[in-house]
Structure formats: structure tokens, C-alpha cells
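So that we are looking at the same thing, I have put the structure below in C-alpha cells.
Chain nomenclature is as follows: A, B, C, D and E, assigned in order of appearance, with residue numbering initiated at 1 for each chain independently.
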Amino acid sequence: MFYRQSGVYHTRYAADRALWPIPADRWQVLALAALALAAPLLVSSLYLGSYLMPWMIWTAAALSLSLLMGLAGQLHFGFAAVMAMGAYTSVHLVRAGVPFELALLGAGLFAAVIGTVFGAAALRVKGLYLVMATLAMQYLVDWVIVNVPAISGGAQATLRTPQVRFLGLPIQDLTSRYYLALGWTLLVTLFFLNVKRTSFGRALIAIRDKDFAAAVIGVDPFRYKLLAFMTSSFLGGVTGAVLAFCYYRAVTPEQFSFNVSIQLVAMVLVGGLGSAVGGYLGAGFVLIVPIVLTNLIATLGASQWIDISQNMMAHLPLIFYGAMIIGFLLWEPLGLAKIYDNTRKYFLVWPFRHSRS
Amino acid sequence: MPGLVLSNVEVIYDKVFLAIKGVSLEVGEGEMVALLGSNGAGKSTTLKAISGLLGPERGQVTRGDIRFGDTDLLALGAPARVAAGLVHVLEGRRVFGHLTPDENLVAAYRAGSGRRSFDELREEVYDYFPRLRERGRSKAGYLSGGEQQMLAIGRALMTEPRLIMLDEPSLGLSPLLVQEIFGIINKINESHKLTVLLVEQNAAATLEIVDRAYLIENGQIVMSGEAATLKENPDVQEFYLGGGEHTDYRAVKHYSRRKRWLA
Amino acid sequence: QDDTIKFALLQDFTAVYTFVTGEYNQGQQDYLTLINEEGGLDGTMFEAIVRDTGNQPQRGIEAYNRSREEGAILFDFLSTPVSRALVDQVIQDEVVLITALHGRGDASDGTTFPYVFPMMATYWSQATVLAQYIEDNGGLEGKKIAIVHIDSPFGREPIPVLEELASEKNFELRAFPYASPGNEQSATWSEVRRYRPDAVFIWGAGGGQSVSVREAIRNGIAPDSIHSVVWLAETDVANVGADVMTGVKRFEAVATGSDSPIIQRIQEKVIDAGKGAGDSANVGTTYYNIGVATMAVSVEAARLALEAHGAPLDGPKLKAGFEMISDFDADGFMPPVTITESDHQGGGSGRVGQWDGNAWVPVGDWGAAFQEIVRKEIEAGAADYREGK
Amino acid sequence: MAYFLELLLNGALTGLMYSLVALGFVLIYKSAGVPNLAQGALVMTAAYVVWIFTSYGLPLWLAVLLGAVAMFALGLLVERFLLRRMVGQPVIMVVMLTLGIEILLRGLVPGILGAAPKPLNAGIGLSPVIIGDVFLNRAYIVGGVVALLLIGASLLFFRTRLGTKMRAVSDDHLASWAVGLSVERAIGLSWGIAGIAAVGAGTLWGAVQGVDWTLSALLFPAIAVVILGGVDSIAGVLLGGLLVGILGSVVPGYLDSYVGGSTRDVVTSLIILLTIMIRPYGIFGREDIERI
Amino acid sequence: MSASENVLQCENVSRWFGGIHALKGVSVSVAQGQIYGLVGPNGSGKTTLVNCITGFYPPQEGRILFEGRQINGMKPYRIAAGGIARTFQNVALFRGMSVLDNILMGRHNFMHPNPLASLFYPWWARREEIQHREKVEEVIDLLQLESVRDEHVDVIPLGLQKRVELARALSAEPRMLVLDEPMAGMNQEEKEYMVRFILDAQESLGLTVLIIEHHMDVITAICDRTLVLNDGMALAEGPPKEAIADPAVVAAYIGRTGDAA
């Protein structure tokens, strides 16, 4: 079938560790990348701006969080606050005259600092308690943003993003914003994949799986937990900045509220913890499905296909969003990535039914 | 007279991993039978298939038939199987760590007509395991390994079973405790005519007390018979019994040996 | 068909503003249906595109882009965050955004925000109208006024204007914030009681408002010294209890009840014909009528635009239409509105209404107050915006 | 001084109102081992249910009674169709599942019954109970009494054999099955009981603020209560509630006018954070036993 | 025996858990190259002692010296970096990784894990990965784990898991190896394999080994010396055969002689 493994031998350790050892996978990745690059030519600005671009950016965010939750096993229900830090930092830096490239870096660094503070809780507790602690920190950050006008931008609590250039190119029209977002997401993806196959990623997985066993072979759990928070917060911070500059083009507290944190966790879980493919699928699913559903039902309602009250119709996406989370947890707790994986495995071992017996 | 009968049972984990294939075995009423086998052979899986505990591990009985007396066990959920009179002492003890031993016993007790009273049962358990009586009020999670094992068995006895399945009761216990536990298992079997299905690595001690044994390898039964007969089998001797203290570990051969299972 | 004028009502039906959106949106839809039933504007029909945004900027943007593609030329989000997030976009896209009773007050400056129309009294104007009422009924001088508000940008909004007014009129003002959503305010009101205010302004929305009223009354504050922002309505009365609440005052931007000719027409041609957009019991409620009023102004703008510039309408034409509105009061349904190129607030008029135990009755006439102070606030905000802040 | 006392007493009563919400959380955690982030939504649902019954003209006591029956049934259903399949899953999955339930309920219930706030009249007078210069909120006094009753009943419940069994289930699902305890029934029962507790909370809070989805936001203070008291301790609900309520009343009472913003949520957040950093398992919570 | 010859020296180590006095002034000396047995009834404090040595439960009293350096009070990961590797009573592998990755984890101290390295994988991290891979393959060879190299650890049988844990410990190139019941739950055949591996590793790498076991035949067969703990105190010490023949030990631990397996 598609996935021919015969004839693919690994004679060197390097080849064994390649990202996509199977040619079919390599082709798929290349084709998708080409499609993503050509997207501005292929789809209308509505789809580019309202679906594709946010999908990319939220994928980057989901991957950043997945690095922490999936690889390092640290639950984080306040990631939106970290992204907010990045977004606000970048806007304030650019306003202060710092070049955009550096402002992005600054956004990442500042978010990393705040993120590490979040991580301090992880040194004490895990599981449910960590969920609660990060949640509380989200509230604190929100409060500070809203109550310190110097951060939020005064009574209106809205900061518009200034016009910027990236590496000399103006980031203004939709296409340039899309490419910036795409570039960042690809970078995050590559990073994510590489982390998974290097010693850093292994150390993170080790503290996730058994922290005391990691310690006994020389991994300092404190250090790596903090590093995990730092790295993912750095990525999250830059993503927040990209979100602000490419998509919202203004920052307000609501963009990074508690719901957004939940939404991010949902993306990571629906996609599949710690999976790169899962980041894409999860972000796409959580982001787009409720929207598509709203539009679908609006159309059905408008054409009198179904008789449904305005109120009920408005609540349907929420219902569906909740049902979707429940559904995934019940039927495929490992998320969309697992479904993808199973399909792929099915073709890998085809025509046999079980991979081992 | 048949107590527990497994015919041709197949278990698949995670929809893909075939853990046991076509296992058939029989445990007669009042009998004490052992299931021996190396690591990963499928012993625990077999027990879980009988007690209905595969679900949480994403395992499934995909073929075969398990009957206990006239009851078709596969049709029942785990608690119903306990009500039907069989109980499973899990590998790794798994006592309720946050409860005291006393409360552990309460948790397993089920009131009902025709059942013995809680106090009566508890006294019986404490008579078997006097040590538990002393530790009755501290959290079970802090008991020593042997005490936890005793508690796990005692807790199982609170359900007034007709068949008790023990998964590696001697795991990690000191030689003294192993003797003690085996002695008690023996006693329970004899005094109550309780049927016992015992999974053990400690083949030497096991074959001393059981009537019959099955050998399972790679998810398949490879041998079965009277304990006395098995003890004489050269393969069983080499792979399961060893020379006891007489094995010269320093001289053990280096190459991989092959099992023949000539009966 | 192509001439159909599309208004996009992309609102929050599920999150923060559920207390208002249902009725408000129903009023909007019913009014558009009424116009269509009456033959449209010389045959040009209206279409409402209704979508839930859940008050999330994310969903708001998507809904906006999609409706734009469907040809909408007027947008109403009834959500401060979503409206704020899209201000730049509508200005750039040259489509009209109406932000009645929400959004940024400084958008009243039409030169800075050419496509944004608050078109009713901003929170600043509401505060001044309420203050004027006190001035007219006993005077402000020497009074102690407490403003008890939800701790959010919306709740804090009237404070600068009131402070300005306090120094001008020599009264004492103190602000008492409570945490959102405001279901629990007892500590705040303990403090308010000890302050012994002569009048309190309550600045919140939704469930928090009824809690405020209850707490005020419980703490011995006379109902008729309670003055509310526009968001205090029938549901709150039901919640607090109709007789308990007797005497409480509020700002009104639009007449309440079903007596106005415009509501009568709706009742007759839409509701009785079974074409209403929701539960007919809502007709005539405060928020329903506000919804009707927003559409009345918008349709009037469309009419003027069609007259002056002809079909098909687009954003710039509609904007021009809005700026031609003068002294429009929808048959006495609302204060006369005059929108000019520089003033998109339309005058900032309103009146004070009081709950008499059965209904909201006006206790003053339509009018605006202290607009110089409001103007100053608008100028300052608009200047900040122009600087890119 | 009177001011302080008033803040203290009203805070304590408010805290008990939060305890009412938190109690459901603890009941489920203690007997099923599930951290239920949908408890706020259950409270909201309960309030809607009671409202529906009263809107048909039933007297309040009957509405509450029927509401309790309905919510008990809902709890059983949640177990039957959702939680049953989560046995043995890691905590993040379960947490997320309950969040999913929360989102679903928050869509479904207002979607069907209407999102606009509904009045619920519990027949509690508005006039305060006045002691000296201290005004106490009558509704909160009723709430406090109900909370104390429910907490007392729960304490007794966990001393019974059934209670012990439910605690065993929360400890180890697999082992419970192995000794014949029906994990399903225990979890269903715990959700059912939590549903009944939600009726208490929903009715009282609904009477205070009206019935709409914002009732589900009560989860946050309830979580602070639970974290402070210990997620599996009934006594902790009581003490945690009192502390959260008092701190959340006294601190803002003195600080707010200086800060110029409401500090209550900050206090709540800080309570959660400090508790977790200083005493992760709360005042009365049990520690995890991890043997190396 | 002077302290300098002793690789590991525990002096009067005590440890409490709340009210439980788990170790009461235990002293042990292990000489270079020895295999040292630690036995005793359940709950006698064996694991606790090992946890003290490896830093998980620092002793409240007493001193622990490794190669003459005091290590009590150090964090577990520092002690590990100092040359002590261990396995756990309940298998503690990283369940989300393959066998190979688990063993690679053992090389942690020699690698330079760093998020930036991951970003620059092609140049920086890749070279390192390959270098260490070679080392790990040696260990895999030694312990005959080739057949499961790419399996996920949680699907392989417990016996192999214990072997993987040993491999992970060995790939850290320790000078001292601490094994907590490596043969629990194994049948005769598997026990023999395990013994063989331990002996091989000890000989070829010149390790010092501290081993906890309840299988007396193994202890008597491979240990140079043995300490019997009971109730947190030393009950007997010496060459294994002698130590476990002590009547007090028989009474508290062994029971009927001859039946120990």
C-alpha cells in the first residue's frame, strides 16, 4: 500500500532517528508544506484570514502547550495568561521603538520569566493541584492586566498594534501576516519534533513518567520542570505576540481570558497529548468545528429546514464544543493523533490485522 | 464436579495485542490448582479475564467461554462475579491505602440474607492473620509488604468466596512470610473447602501445596498435570524449580537455552 | 434580490451578555421584519444576519469576515470587547459599526472614528443625565454620592466624568468597586452603608444589578436614591421583587412599554401575523425596545442614504445616511437624535425613569446634560486613539 | 469594630454559601476520586430545575424536593453514560471530562430553558438581621444553616458502612471491583448526592442573584474553599468556606478603596496559591502515599 | 577495614517517618568490588536505607560517605551524577518511551540536554545522539536486549522490564550499583539470567554492588558479605551463609531452614 516499509533499511544510527523515516510520510509532509505556502493563491481572503491563519497560530500555541503538558506532563490551565504576557510585551516594546524582531524575542523572554514563576508551583505539586494553581495564576495575571492601566492601555483596555516590518518586509496586508504566522508555526513544529528526539525531550518525558526515577539517573527534576515551563512559555509568548500582530491587531484582556486557556487545553487533548500532528488536528478541530457548525445551522435555520429557537441555536456551538470534548475523551482519549496513527498503522501492517501477536 | 471452566479463551489488549490465545483450564470444587509460567506469559491476564477486570486496561475477551458452576461469567460485570462467589486477590496487593485495615474489611463486606455477620467474618480473618488485628487502626498504606498481602487476602475472604484467585501472593515477601502465607492458603483451602487458583513464580513452594498445576507460556497452556508428576519433569525442574540452594549461580551457562516441554 | 440591505447582528447569546441579547436582538429582528412587511424602503428589503459570537473576539472576527463576504454593510456586536477589537477593521473596510450603549464612548468623535456610531447616550452622557436629575431635584451641591460599580472598564467608565462634575458642582464622590460578575457584594455594601451616601449610582449589568439593588435596600438605602445605568430592566425587577424595588431610578435611552406607535405597528403587523422572532411576551420590554430603536435609527439612515445616493447601498453611503439624521425620534419612541459628521453620539440625550411598582415611568423629559464635560472626555479619548494608543 | 464584625460575620456566612457549592465537589472527590469541575454547572442546572418547577406554580419546598430527585437522577445518568468509561484514566482526562460536562450543561440548560436571568423567590425577606450596628444578610443566614446541616449529614454519612465503601472506591477502582464493590454504583451515587447538594446551593444562590448561567462561575470560589480545606475533607469544606468567606470579605472591605479595584478575586487566587505552596493538601486533606 | 578502602560507608544512619522509626542507627561498609547483600523482613528498612544512600529520604541522623565524600544531604540527581546508580523495588521505567530511549536516558549525565540543542538538531544534537547510541548498544548487547530494543517498555514482560532498568542504570557508567529486589516475581530461569547479568556487569565494569533480595539462594550464591536488618536495626552481618544462619535471623526472617527459595 502507501506505506511501503520493505526496502527501507536503516544502516546508520542517524537514519534510524530521522524525522520521517518512511518515504510516504516524507512526501505527505512536503505536499502539505507546499499547499500551505501556496494558500494565499488558492483560497479567498475570508478563508485565509479567518480560518487558515488563526489555525496556524493556534497550532503554534497548542504545540507550545503540548510541549509542557504532553512531554513534560505538567498540567497548565493558565497558558493564555502566558500568551498575554507575550502579546502585551511585544506591543509595548514596539511602541517604545524596539524593532519588531527584537520585540518578538523580548515577548518570548518575558513570557518565559512569567511562565517560570507559574512553574514554581509545579515544584511543589502535580496533577489536580497543579491545575488549580495555574488556574489561580491565570486569575492573578488577568487581574493585574486589567487593573494596571500602564499595561492594559488605559480605560478602554485596548492596545492597537503598531505597523511593523519583519526583516525589512512590512507586515500589513493579509498575505504577509499569513506568511509570518505560517513561518512561526513551522518553526515551532520543527522545534517540537526535534525536542522529542533529543536528550532534552527525553529528560522531559522522563520527569513526566517517573520523576524519582529520572532523578536517580541524574536528571534534576526541578531544573527540567522549570526548563519545560520556560521553553513552552517562551514559545507561547512569541505566539501571543504573533497572534496580536498578525491576527487581532490589537490586544485586549478578553483575548487571553480563562476560557482561552481551557480552549488550549482542549486543543491539546483533542489533538493528542505530546503529538505534533495532534497539535494541528486539535487546534483545527476545536477552532473550526464550532464555527462551521454555527454557520451550518444558521443556513439550515434560514432555509426553514429546521425549526429551532434563536436561543437554542446560539447555544448549539457551546453544546457541541462540550460534547466534542466529552466524546473524544470517551472514545479516543489519545486524541485525533491516535486516530491518525491507527489509520497509518493500519496501512503499515496491511494486510495483517494485529501488529503483534 | 466442575467448578471453574475456561475453554479456549483469547484476550486482546488495546485492540491489537493478543495476550492469551486459546487458554483452557479447569478448577474443580475444593481443589487447589496453580498456574505457573514465566514473566509475561499471561497468568495475570488469565485471572483478570476470569474476574472481569480487563476493562480498565483496555483488554477484552474476544473468544472462548468462562463458566463458574452454571454461571456464564462473561455475561457478568466484575462485582456480579464476586457476588457469584469468586474473588481475585490482585497482583501487587492493592489495599485501600487511605483506609485502615478494619475499614478495608468493611469495604469488602456485603450484608445480605444468608450471609454471615460482619463481626463473625472479621474475627475469622483476624484469627488467620493475628498481626492485622494489632495494626487494625493505622492506615493500610503504611503497612509492610507482608501485612498488606495478608490484608489483601483477608479482605478477599470477607466476600465469602467459593473460589479465591491469588496472583503472586509471595511477591516481594520474606521467606518467613512466604511460608506463613502458603500455610494459611493451605489452611483456608482445607478448612473451608475453598477452591483456590494460585498464580506463582515460586514454583517449588507452590507445587508442595497444590493438587494440580498448569504451565502457561506465551499465552498458551503448554503443560498440565498432577503436582507430583510435574515435579518430576526435567524441564520443570530446570526452568522452575532450580536446584534450590544448590544452584551454582556463578556457573550458570551463558548461552540462551531452549525449552522443549516434552511431557 | 441583490439590493437587499444586509445588517449583521453578530451578538453574544451565550456568555456575558445573555441578560440582554435575547430581547435586544428580538427587537432588532422584529423591526426589520416590520419594515419588510410594510414594503421595505420603496421595495428595498432588509435582511438580518444573526450569529452568536459568545463574546469572544476570535469568533467575532470570523463572523465579521463571513458576513462581510455575504455583503453586510452594518454591524452590531453588542459586545464591548468584540466591537473594540474590530474598530480598526471597520474603518479600514468602510462599513458601519453601531455601538449603541456599549463599546468605546470616545467613538462619538466622528472625525476620528468615521464608521463607528454609538448613536445613543454613552455611559458618560448617562452619568451626566442622572446627575442632572439630582441637580434638578434637590441639587448636587454638598451631596455625598457613591458609585458602586463592577470592577471592569465598563464599570469604571463614568468615574472620570463624575469626578469632573464633582469638582465643578461641589459634591463628594466615592467609588466602590465589586468583583465581577457581582453575585456577591456584601462587603462592598457594608462599606457603602457606612459612607452614608445621599445617592448611589449602580453601574453594572446582568445578575450583578439585582444583587446591587437588594444589597442597597438591605443596607437601609432608600430605593429612590438608587440610580442605575441603563442596564436595569424587567428581569431585575422580577428578581428583586416588584414592590421592594419601588422607587428605584435608572437612565433610559428609549421608552419602555408597548404604547409607542412603533411598537403598536410591530405588534400588529409582525407579532399578530406570527412573524415575530421570539417570545411575544418580550415585546415592549426595555431591552427589546432598545433593539427596536437601534434598527429604527439604522433604517432611517438607510432611507436617507438611498434617497441621496441611490441603490445599491454600501458602507460609505450608509455612513453618509447616518450623518444626515436629524431630530429623529421614531414617533416619540426615543429622544430626538441628530447625528453629524463630528458627533456620532447623536446628542447624548436620555431621561430618568422610575419603577413605580408596576412599570417604569419617566420622571423627567428627554434631554442631555453637561455635554461639555462629556465632549472633553470624548476629545481626550479620540486624541489618544489618533496617536495610536 | 462593628464594621469589622459585620465584615467578619457576613464573610463567614458568605463562606458557608460557598461551602454549599464546594460540598458537592468534595462529596464526589471523596467517594469517587473524581475532581468535578462541573460542580458549578450542576449548581446552575439545579437552580434552573427548581425554577422550572416553581414556574409551574409549585410551592418552593415541593420544587426543591422534586429538584433533588431530578438532580439525583442526573447524577446517576452522568455516571452511567460518561464517567463509567473513564475508570483508570489519568487525572487530566477526568478533569477535562468534567470541564466538558460543564461546557455542555452551560450550553444545554440555558439553550433549552432560556438564557435570560430568571427570578427564583425563596421567600426570604430582604430586611437584614440587625445586631447592634451589624447588619446580617438574612438569605445568607439561611444558606449558612442549610450548609451546616448538609455538611453535618455528610460527615455522618461517611461514617456508615456505605460511606466507607465509597471511600474505598475512591482509593482504588480496580481493587474495589476485585472485592465486589460496584465502582459504577458508588460513583453514580456520589454524583447523585452531589446533585442534591447542588439543589441546596442552586436554590439559595439563585434566590440571591437570579438564575442564569453565571451561577456556574461559583466554581471558582468553591475551588478555593476545597483547596484550602483539602479536596477530600468534609470538615475542610466547613473550615475552608469560613476562611475563604472571611478573608474575601474582610480584606476587600479594608483594601478596595485604597487599591481602587476589587481585590476579592485576588484574595481568592492568593488563597489557592499560598495553600498549594505551603500546604499542598490543604488543612485537612490527605496526602498521597507514594512509596519509592 | 579502613574507611578509605570502603567505597560506601554508612555511619549510624537513622530515619523517621512521622512517628515511625524506620532506621535506627544502621552502619554499613561496602568495599570496592564487593557484592553486598541487604536482607531482612518486610518493613525492616532495607528500601529506606537504600533511599537514604541515593538521596530520596535523607537520613535525619548519621553520615553516608561515598568514596570518602559525604553524600547525605545531597539531592538524588547529584548523587547519581557522583557515580551511584540504582533500580527500584517497583519497576520505575519511563512508560512513555521505548526500551532504547529508556536506556539512552541513562546517558543523561554525559549529554548536554538543552532546548537550543533541539532547535539546532542537525549539527549539534545529532552528533551527540549518535555518540551515545554506540555506548548504549554495548549495554544492550551485554544484557541481551536486542530483540526488544524498539518496543515500548510497558508492553514487555516484567522480567525484561527489570532488565531494562538494569541496563539504564549501567549505561550511566556508575561505580556503584544499588539493586532493590531485582529478582522479585521471577521464576528460576529468569533469576538465573538476572544473576548472570549482574555478575557479568560487575566483572566487566568493576562495579561495587549493593543488592536487596528475598531469595536466599541468590544471596548466598553471589554476595561477599550480607547485612541482615530487622526493625530498622542490624541483626547480623558477615559472609552470607553465616549471617543468615544466625538463630535470631532464622527466627525473624528465614523461618524453617531448607525451605527458603
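The rule is short, and it goes like this: a contact is a pair of C-beta atoms (placed from the backbone, for glycine too) under 8 Å apart; a residue touches a chain by one contact, two chains touch by 3 or more.
According to UniProt, the chain labels map to these proteins: A = Branched-chain amino acid transport system permease protein; B = Branched-chain amino acid transport system ATP-binding protein; D = Amino acid/amide ABC transporter membrane protein 1, HAAT family; E = Amino acid/amide ABC transporter ATP-binding protein 1, HAAT family.
Bear in mind that the values here come from a model prediction, so they are computed numbers and not experimental data.
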item	value
Reaching chain E from chain A through chains that touch each other, fewest steps	1
Chain whose mean Cα position lies farthest from chain B	C
Far-end chain from chain E, centres as C-alpha averages	C
Interchain centroid distance [CA atoms averaged], chain A/chain D, Å	32
Inter-chain centre distance, chain B versus chain E - centres from mean C-alpha coordinates, in Å	29
Chain centre separation in whole Å, for chain D relative to chain B (CA means)	43
For chain B paired with chain C, centre-to-centre distance based on mean C-alpha positions, whole Å	74
Residues of chain E engaged with two or more neighbouring chains	56, 88-90, 92
Per-residue multi-chain contacts in chain B, two or more chains	17, 142
Chain A: positions in contact with at least two other chains	146-147, 212, 311, 314-315, 317-318
Touching residues (chain side chain D, partner chain A) in the complex	35, 82, 85-86, 89, 91-93, 95-97, 99-108, 110-112, 114-115, 220, 223-224, 227, 231, 259, 261, 265-266, 268-270, 272-273, 276-277, 280, 292
Residue numbers on chain E that touch chain B, as the complex places them	17, 20, 40-43, 89-90, 144, 155-160, 181, 184-193, 195-196, 199, 214, 216-218, 220-222, 252-256, 258-261
Complex contact set, residues of chain B against chain D	51-53, 55-57, 77-79, 81-83, 87-90, 94-99, 103-104, 106-111, 139, 141-142, 155-156, 158-159
Residues of chain A that touch chain D when the two form their complex	69, 75, 120-121, 124-125, 127-129, 131-133, 135-137, 139-140, 143, 146-147, 212, 262, 265-266, 269, 273, 311-312, 314-326, 329-330, 333
Touching residues on chain B, where the partner in the complex is chain E	17, 36-41, 92, 142-147, 168, 171-180, 201-205, 238-242, 244-245, 247-250, 252, 254, 256-257
